[in-house]
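Read from first to last, the chains carry the letters A, B and C; within each, the first residue is number 1.
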Amino acid sequence: MPLLSVDELTVTFGGGRGRKESKAVNGVSFDVDQGQVVGLVGESGCGKSVTSLALMGLLPKKGVRTGGRADFDGTDLLTLAPSRMRDMRGRKIAMIFQDPLSSLNPVVPIGIQVTEILARHRGMKGEAARKEAAHLLDRVGIPDPDRRLKEYPHQLSGGMRQRALIAMAVACAPRLLIADEPTTALDVTIQAQILELLKELVDQQGTALLMITHDLGVVAGLCDQVNVLYAGKVVESTGRRELFAHPTHPYANGLLGSIPRLDAPRGTPLTPIRGSINDQIAWADGCAFAPRCDHYTMECLTGTPELAEPRAAGHQVRCVNPIMADPEAPPVVTAESDTASGSSDEPSAPDTPTEEVPA
Amino acid sequence: MLRLVVRRLLQLIPTLLGLSVLLFLWLNRLPGGPASAILGERATEAEVARINRALGLDQPVWVQYGRFLKRVVQLDLGTSTQTGQPVWEEFTLRFPATVELSIAAMLIAIAVGIPLGYFAARRRGGWLDVTAVSGSLLGICVPVFFLALILKGIFAVNLGVFPSYGRQSTGIDATEVTGFAILDGILTGEFDASWDAITHLVLPAVTLASIPLAVIVRMTRASVLEVLGEDYIRTAESKGLEQRVVRVRHILRNALLPVVTAVGLLTGSLLSGAVLTESVFSFGGIGSFIRTAIDARDYPVLVGFIMFIAMVYVLINLFVDLAYSLIDPRVRVH
Amino acid sequence: MASTTTRADKIDRLAELTAQQEAHGGASLWREAFRRLRASKMAVIGAVIIAVFVVLAVIGPWIAPYGPTEQAWRGEVFPNQGRFVGPRGENWFGLDHLGRDEFSRMLVGARQTLLVGVVSMLIGLVVGALVGALSGAAATLGGASGKRLDSFVMRVTDMLLALPSLLLAVSIAAVMGQSLTTVMIAVGVVQVPVFARLLRGSMLAQGGSDYVLAARALGVRRRRIVLTQILPNSLSPVIVQATLSLATAIIEAAALSYLGLGNPDPAVPEWGVMLSQAQRFFDNAPMMSVYPAVGIIITALGFTLLGEAMREALDPKLRG
């Protein structure tokens, strides 16, 4: 049985006040196994962050409706009582967010922000809590943790802030860690360090990681299983290697075609996906991606396409006209290597905390 | 910290100097000038000339200003034309009453305003929110002296729950120690005198609290709403913290920062509200005194009061700045 | 042939489906703000109150059943003995302390009240905006002298803000003597530093924004940037404040009247003056105070509601 099993999750915003309802998440299903790293990939606005907030029970109560199930360790997170969800958060499921500066309370010292979660879920107080907090900071690679505990977020560098947030997230050794674009707001050099750290921690603790990102480089370096989201639906779901070798949905194919690669011959043009995520049609009318797709046909405009496995077992694709031929660009080797060495925007520098100097 | 205090105090000087120039010019512009203020309107020309000479008004303007400034610095604000007493003494005599009233009003405004603003924001669009918002909008639209009249009419005249005027009932013979009626009662053990002073304070304080209350409610509400949308609140919630911890440590500690500034600014405007409130309730503080000074065109008192208020205002702002630097670590560093 | 029709068909079908999905996007700030205003209950109530008030102010003197100074029922009111006349058939709101028809005085007074509010606000707005624009432009255009001018102006406005508005008004009234003009100028002058600071602050904020930087990078002259980019974009808080100031002005004018500095001319009844005269008889004839007071409160509320709704509609942060 998977650790987390999301089944037909829907999140609907709005309605009332004359505003149009909008489905941010429109029937998303995926599984996360114990200790597995699963990617949720898509452009901003595709519903990936809303999915994570729905799982955490952090969506506003007003004007938001959720549907479907999200079974975590035998309980449905979507219908769990708020007080029990509160017990769950931070202890069994933890989350780290995109912008580490705005995610930390500016007027409370880092130390208190770490110890408060220890007090809440592990009943630690006073000196014991402080010691454990220092230990946690040390574990996430923050030098001189005793001093850092007394400092405020603005006194830390960007990378260090994200490390502090990670320390809070792993403080109670959660079963599942949700990371929502954890490296997007960081310098490129720091990004790799943070990813490395995350990988190390989840390996040590046996924590499953749900990685939410728009960055295929992150996926290539980290994820076992990848779900590509478009307009609130999973359009392609498969293992990491299979995705990079045979991107079958035109959207996934487009995503891969729009990032620069070191292994492509010189002069190979990048092929961006045209339009933006705002150019879409309702899933009920057809494929939401059709307006941006080079391969759409009349069939794409009649009813929601279903998930199918046109290429291989376990490789699910939601497309009427999947791309069956291998990409025209030379074969993709990147994904075949186990590390992220092929991905251009991700230097796999060793974790060197010394280069983080507070701003 | 000390450097900040000194720097702010130094910044005060040009402000107060400019103000004294304005006041000096204003005094000279008054219809008839000081002579007719002293002699009345039927003075002969010879009398006016004599007074003018005596007051040094025949000398160049800058000499006159220099003398004016010297007197102000020595707290010699002149003599009240109403009472014949030095203005400064009149102020110190009445100061405790107004301070008592202002503090009571501010306490009411804070104690009611912050929780109301907070819960209005948390239940945005609910009945409490709608009531709080419309009540506070209405609150700033009611002329203070009319509210005073209404409250006095209902609670003092008709229901007789509270006394309608003064600081103390006539029968009570309280010993004066500090001039603060409630405190004096506690110090001397005359608790009935304290209680009597409190009942006298209720209606004026509620009246005076109306505007700061309205402002604090709206300010707190807006500020809490803004903080609720911040990422760090989401982080706090994602840690599964107790609601109480999220509320106090994460929401309020951030949301109250701008409210602290507002409270400081409001304390200044409280003093002009006191002029209206005190006069309706015949509360024997500076406010009532100013009200009669306006009627009697008692200019030395008015000038003194304006200088005095400006000083209080600037000092309060200094205090707020210091408080701010204590509670907001980001300010402390710069 | 068949293939071209399907191609055209599918493009048509796509366009149709896409159009269904598209909401109102790309509306300008002002149009969007206006749409939000119309949707706001606060704004609608405020606008209705203001409309009624303005109509009353315009036609009030014509529809008033009696003249505002006609002491036709002088023999029926004895303020010294506490005898007053309340509402009755011929005098809907009763009589005032001099035996004049209260209803007529309210109607005629609406115009005076609006006049006091509008003129005071305009004084504050025009002078304040000029000072603020000057200061803001000086600060934005840069240069040591510009900065110095700006900081001097701000010092002066700081000083004026340090004075309680009521006392500032009292001081002005003391120099100018008692008249309607005095009240308007006194209340207006109090608003000057408020408008000045607001416009300057807004201009500085705009001056630091990226589009100004972009314009500068394109080589647009600074003077031109201030006039065509910064100033127009800085106006929305000033417009909001102008609306709110109408409310403040009306209330402040009433307070000045209460302090005995209002308009002494009985021929022009103004609500503030009426209230301050009536409050002396509050214990015996409370309604006499209530009519003008309620008039003031509702009017002020109208402007406040509209102003606050405008503030919300124009605040990009509150947009969802």
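Observations, loosely collected:
As a convention for this text, a residue touches a chain if its C-beta (ideal position, glycine included) is under 8 Å from a C-beta of that chain, and two chains touch if they have at least 3 such contacts.
Predicted, not measured: the structure shown is a model, and the values here were computed from it.
Of all chains shown, C has the CA centroid lying nearest to the centroid of every protein CA atom.
A count of contacting C-beta pairs for A-B and for B-C identifies B-C as the more extensively joined pair.
Between chain A and chain C the centroid-to-centroid distance comes to 50 Å (mean Cα coordinates, whole Å).
Measuring from the averaged C-alpha position of chain A to that of chain B gives a distance of 54 Å. Inter-chain centre distance (chain B to chain C, centres taken as mean C-alpha positions): 25 Å. Every residue of chain A that touches chain C in the complex is listed here, in rising order: 17-18, 20, 278-282, 285-286, 290-291, 296-298, 301. On the chain C side of its complex with chain A, the touching residues are 6, 9-10, 13-14, 17-18, 20-23, 25, 39. Within the complex formed with chain B, the residues of chain A that make contact are 56, 58, 62, 86-91, 94-95, 97, 99, 102-109, 112, 116-117, 120-121, 152, 154-155, 165, 168. Considering their complex, residues 14-15, 18-19, 22, 26, 29-31, 137-138, 140-146, 149, 153, 157, 226, 268-269, 271-272, 275-276, 290-291, 294-295, 297, 299, 302, 305-306, 309-310, 313-314 of chain B touch chain C.
On the chain B side of its complex with chain A, the touching residues are 124-125, 230-232, 234-243, 245, 249-250, 253-254, 257, 327-330, 333.
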